[in-house]
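Two complexes are shown next, each including chain A; its partner changes from chain B in the first to chain C in the second.
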Partner chain A sequence: MNIQAANRLTPYMFLAPAAAVMIIALLYPIGYMVYASFLDWNPSQRIGEAEFIGLRNYINLWNSDSFWESFWVTIRFAAFVVSIEMFIGVGLALLLDRQLRGMAVLRTIFILPMMIAPIVVGLMWRYMYHPQVGVFNRWLNNLGFDTIPFLGDSSWAFASVVIADIWQWTPFIFILALAALQSLPSSALEAARVDGATGWQQILYIKLPLMLPVLIVTCLLRLIDAFKVLEVILVMTNGGPGLSTEILALRISRTASEFRQLGEAAAMSNYLLILLMVITAIMFVYTRLNDARLARIRAAGAKAAQAEEEAV
Partner chain B sequence: MSQGHIENRANPAFYVLLICLVVMSAGPIVLMLANSFKLNVDITSPTASLFFMPTLQNYETALCEFLPYEPEHLRRCDPTFGRALVNSLIISLVSTALTLILGCMAAYSIVRFRFMGRDTASFTTLIMRMVPPAVLLVPVFGIWNEQFGLDGTRSGIILVYVAMNLPFVIWILQSFIVQVPIQLEEAARIDGAGPFRVFFLVVLPLIKPGLAAAAIFTFRVAWNEFLLANALSDRNSRTVPVTIVNSITEYNIDWGVIMATGMLLAIPPILFTFFASRQIITGMTAGAVKG
Partner chain C sequence: MKLIKTIALAALVGTAISSAPASAQMPEAVYAPYQDVTLVVNFPAHPHYDAAMRVLPLFTEETGIEVEVDQLQYLRMRERQTLELTQDEGDYDLIAYVVFSKADYVFADQLHNLARFFMDPSLADPNYNAEDLIDGYVQNIGVAGGTKGYLPGPTGSLFGIPFGSETSVLGYRTDVFEEHGLDVPETYEELLELACLIPELEPDMGGLASRAASGHQASHAYLLHLNPLGGGIFDDSWEPIVNNAQGVEAAEALKSIVDCGIEGSTTFGPSEAAAAFAQGQYAMFLDSIAFAAGFEDPSRSTVAGNVGWAMHPMGVERASQTGGFGLAIPRNAPNAEAAFLLMQWLTSPRVDLMIAMEGGNPSRFSTYEDAALNERFPYSATFGEALRFADPDWRPIIPTWGEINADLGTTLSQILTEDLDIQEGLDGVAERARGIMDEAGYYAWQ
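== the complex of A and B ==
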């Protein structure tokens, strides 16, 4: 009896420490943030002294042009970055999916940009984009062109930030796409080749459709991460010039620490969280549907095999 | 068909492409490495060249506290960076160890046991993965100093990092634990081992590659993180990213020293990448592909 009770408790004993930490330092703070978003609260006050103002933070943000500008900068950034990275990453994977010598070395070098601190990545690019010191403008000068204000002009700044992110994260997509490619069933490709499919036909009708489930998950993961990008932009432009590169995460941090509006920052965090929740929900539903579909195919296959066996 | 394959392999265009890719992805890093060995005069001079006298001065400035001798070019040793380096090391190592221990236990329980609340636990973990650090900024401001009294301490930062990394670690380790043949565990149990002994002596040694991958990712997040460390640290508990951002002012940047500190911050992740790229790739694909 005692042993049985102990057995029933075992999973909870394994789970409890992690659950405790996550509840204390993750779930509770998020709940706290939801509460704080209804307050007019600045960091010099204790939270009990802050005035309860209902939905006013949300309404103010909703009516604020600069919030919407940040919002659209975020969406634009994520859309540009993810689509370009998917295109280049998958393209490279299709191109380099062969037995090349030195592939391992290549992959190792590709991972480097992702592993290095975002702060350092921002630093590197800030140096390279620098109007006088930076390499890009030096090359332009040496070739006889004018200096380009990579970080000083709003549309250039946005493009520069996007390029830095593409440099850092395309390898992620490349590696996942390559893994997906290399785990494709060789029988399908073999059959296509025997039937005389050209390289392009193989890619369009066999490889891409079979990779699609992995690609969609990769794309959604990257999308979620694109909304988290903050440090690279903070170091490169700190959101400027104007609001041209101020994505939401950066705006939250500036509202909290520079403008000292904790309530407003919390409300903004909630908007961002809702946005991410929607993307995550899509990913979750998609993986579930996909699993169900695979299970159905497998079940159908098993049934067919059984029927065949019985017929024999 | 096989002929085509050989042709492709010999095609020099591919090797040109490969070299371009390597130059593009490693170029900025090499450039920073080179600059960290230059004097500011060499960095800012309009006639930048590939040839310069490499110097360790920038590194000496950054690490002056640990040097047994007094660097000649320094009037006064600024211990900020040295202290930050120690803080960063302690915080990342401790939080990585804690995250791994708690994470692998939780992952094991989610994978191997059927119990009430299992689905909730697994779903919460998945959802928590997407929370951006920026979202934790506001609550952390309030809770850590008012309620936990952990403001400005290393433990406060460690607590946030453990909580932040747990969902990811649990998610990754689940896919490794599933692959452990359950017969092994059953055999151990029949031989009279309790659940904890089964876990530590049978399961853990079998998921070493997963643990390595998870450790690298956790360490990387803790080592590189800026935003929350900035909010939670005071003068004595600042980490390296925080000091780097603090030393970037709008106009007058000491490029040489800042590149050297950046390089020092980048070295551990670079070493991991060179020695464990296989584990990193496994971890990345396991995290994304086996959702």
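== the complex of A and C ==
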């Protein structure tokens, strides 16, 4: 090997350890899961003893009503919680982005729910929703209203788990939105104020557009998390009544542990992974298109300014 | 996980089992080869096993064999065992397994056939008296390979010994029944009538506390009624019959019971149903005998002293539940022989009685007949009688049961909470169950 070739290879040699670690730590488990999804694999077997069945797990799932019911429950759950959490989280951040006495304490209190272990959150809400001893139904009783079957009725149970998730994860949106707000360039806001923009106009035309890249990433992170939420629902309803709150993560867990079908559970995980990748890709494309649009606007603005200067 | 090492716990033994028979003279030659062994056992978090652990230090005192207990919630325990049993050499010498795990473990050849231990004169206690073990429990929990694959028969073998096994009985509030002049129900007709009459007589009280939560719990509650009413999940050719007239009648019974319950009863698991009965919110409770001791504990129950017990009411036949746990020795156990000695000790007539006196579930008829036990727990005689009707074929213990059970349970939950038509719901379960069984090869010989 001559010196030139050795020089060309040097960067790759330095990169090799990191690449090896990434392949082993990141890609191997994913590859293992993809391979498992092609097997008829019972947890009592070693993976080498499982029968290779090709795409049968994927086809079975595609034809399974229960899978599709869980899929749509997941979509509905993610859509509700993420949109409501974004609305409340960003709203709170806009409200609390100011220098008030005790604001640091207030912000800390706001983020407490996301620090609590999900199992505890599930237990806490389960007992608050309890038909007899739960605080909500006792309030309703004291006020002379009928009690509500928060976890015993399909529609109410879905709404109840959505509320618990919103309570726990809105602070996450709030923190990131607040950080984004506080890093906005003050010159743009000052210019808007000088031009006479109202508070609403500042929010709609200055703050939100400038926060958008952070909000998109925040939304994506929450969306991914909402698709995978498990413990809170497991403790609160275990997917019931019927299948009304059985989201895909819970069905994957039940398929692996109760039905003892690791291959089908892996196939279901891959469907979920594909769905999340599609959502991520859509958001990525949207961000790129938005960046390109802004670049075009900036270029047009610069061109117009240059033309104006030349005319003068 | 709760890890308890029972070394030097002999001091506790005296207080823990004060009412139990005195220590027996153990043959030194039997235990001498295992003096340096520390057995690792896997038990569920369950009242019976809590009672067993209060007695366990005596084993170390008598035999010199030390025991470490790894105690887990029973479904977590099953997951842990599934992983452990696939290893070349496992950590567990002895496991307690939930009844429906029998099919999975035996099918995967992960448990020792116990014949080789009972045939070994250096291990098998001649006074063990296996005939005294409750027959329905042994058939349901211990034997596999006979009729239908999971029941006894000419080709069956013993893989486990019942330990912490359960049957179903009817608990009722004696004060409420006396106040309203009610008779204890003996038939399903009487049971269902009373279940909905009681809320009329006692407006804040439900009739019969029952499990009903989506999934396994609703399915379990349904099976409680299905068997006495003459139904079943499959016929002898593995064709699903869950949607026949008896199946529909059982679902109607469950719906009627839940509808006549208190607010929120559709989310009840066994603990919630038992807690509601213990807090005086129900007049009757139809479930496992494991809850009986708790109802008589005034620190946890407001109905202590006011609970009577009767046999599971009769439909077209008597068929109470068989379930709970058994003990088995994994094929990859590091100390299989010493584990057998512990298993034999725990299920011996003397220790079975000791554990029962601590509030555990007896595995032997003689324990139920013991005068001291009946004096301490007056319901024991009723439970012993109920066990004569425990149905070993109460549910199909086959590898596909987990998936069918979950589907049945979620469908029943839809029937209970979303007013899904019973016949339509059970027809769907039967159709899907047939597909699952077909894929698993149950119709290959037809």
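Methods note: the second predicted complex is superposed on the first by the 251 of 312 C-alpha atoms of A that agree within 3 Å, B and C clash if a C-alpha of one lies under 4 Å from a C-alpha of the other, contacts with A are read in each partner's own complex, and residues count from 1 in each chain.
Everything that follows uses one rule, which is that a contact is a pair of C-beta atoms (placed from the backbone, for glycine too) under 8 Å apart; a residue touches a chain by one contact, two chains touch by 3 or more.
Everything numeric in this text was worked out from a predicted model, so none of it was measured.
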Which of chain B and chain C A:15 touches, first, second, both or neither: first
Partner chain(s) touched by A:151 [first = chain B, second = chain C, both, neither]: second
Partner contacting more residues of chain A (chain B vs chain C): B
Touching partner for A:257 - first (chain B), second (chain C), both, neither: both
First (chain B), second (chain C), both or neither touched by A:237: second
First, second, both or neither for A:131, with chain B first and chain C second: second
Touched partner set for A:107, first chain B, second chain C, both or neither: first
Chain B versus chain C as contact partner of A:42, first or second or both or neither: second
Which superposed partner A:24 touches (first chain B, second chain C, both, neither): first
Chain C-contacting residues of chain A that also contact chain B: 43, 46, 132, 257
Complex interface listing, chain B residues touching chain A: 1, 5, 8-9, 14, 17-18, 21-22, 24-26, 28-29, 31-32, 35, 43-44, 46, 48, 101-103, 105-106, 108-110, 112-113, 115, 118, 121, 124-143, 146, 159-160, 162-164, 166-167, 170, 195, 199, 220, 223-224, 226-227, 230-231, 241, 244-245, 248, 255, 258-259, 262-263, 265-266, 269-270, 272-274, 277, 280-281, 284-285, 288-289, 291
Complex contacts: residues of chain A adjacent to chain B: 7-8, 10-12, 14-15, 17-19, 21-22, 24-30, 32-33, 36, 43, 46-47, 92, 95-96, 98-100, 102, 104, 106-113, 115-120, 123-128, 132-133, 135, 138, 167, 171-172, 175-176, 179-180, 193, 214, 217-218, 221, 224, 227-228, 230-231, 234-235, 248-250, 252-253, 256-257, 262, 265-266, 269, 272-273, 276-277, 279-280, 283-284, 287
Contacting residues of chain A [partner chain C, same complex]: 42-46, 66, 130-132, 137, 147, 149, 151-154, 237-244, 246, 254, 257-261
Chain C to chain A touching residues, read off their complex: 75, 78-79, 82-83, 85-86, 104-105, 107-108, 110, 213-216, 262-267, 281, 399, 402-403, 405-407, 410-411, 413-414, 416-418, 420
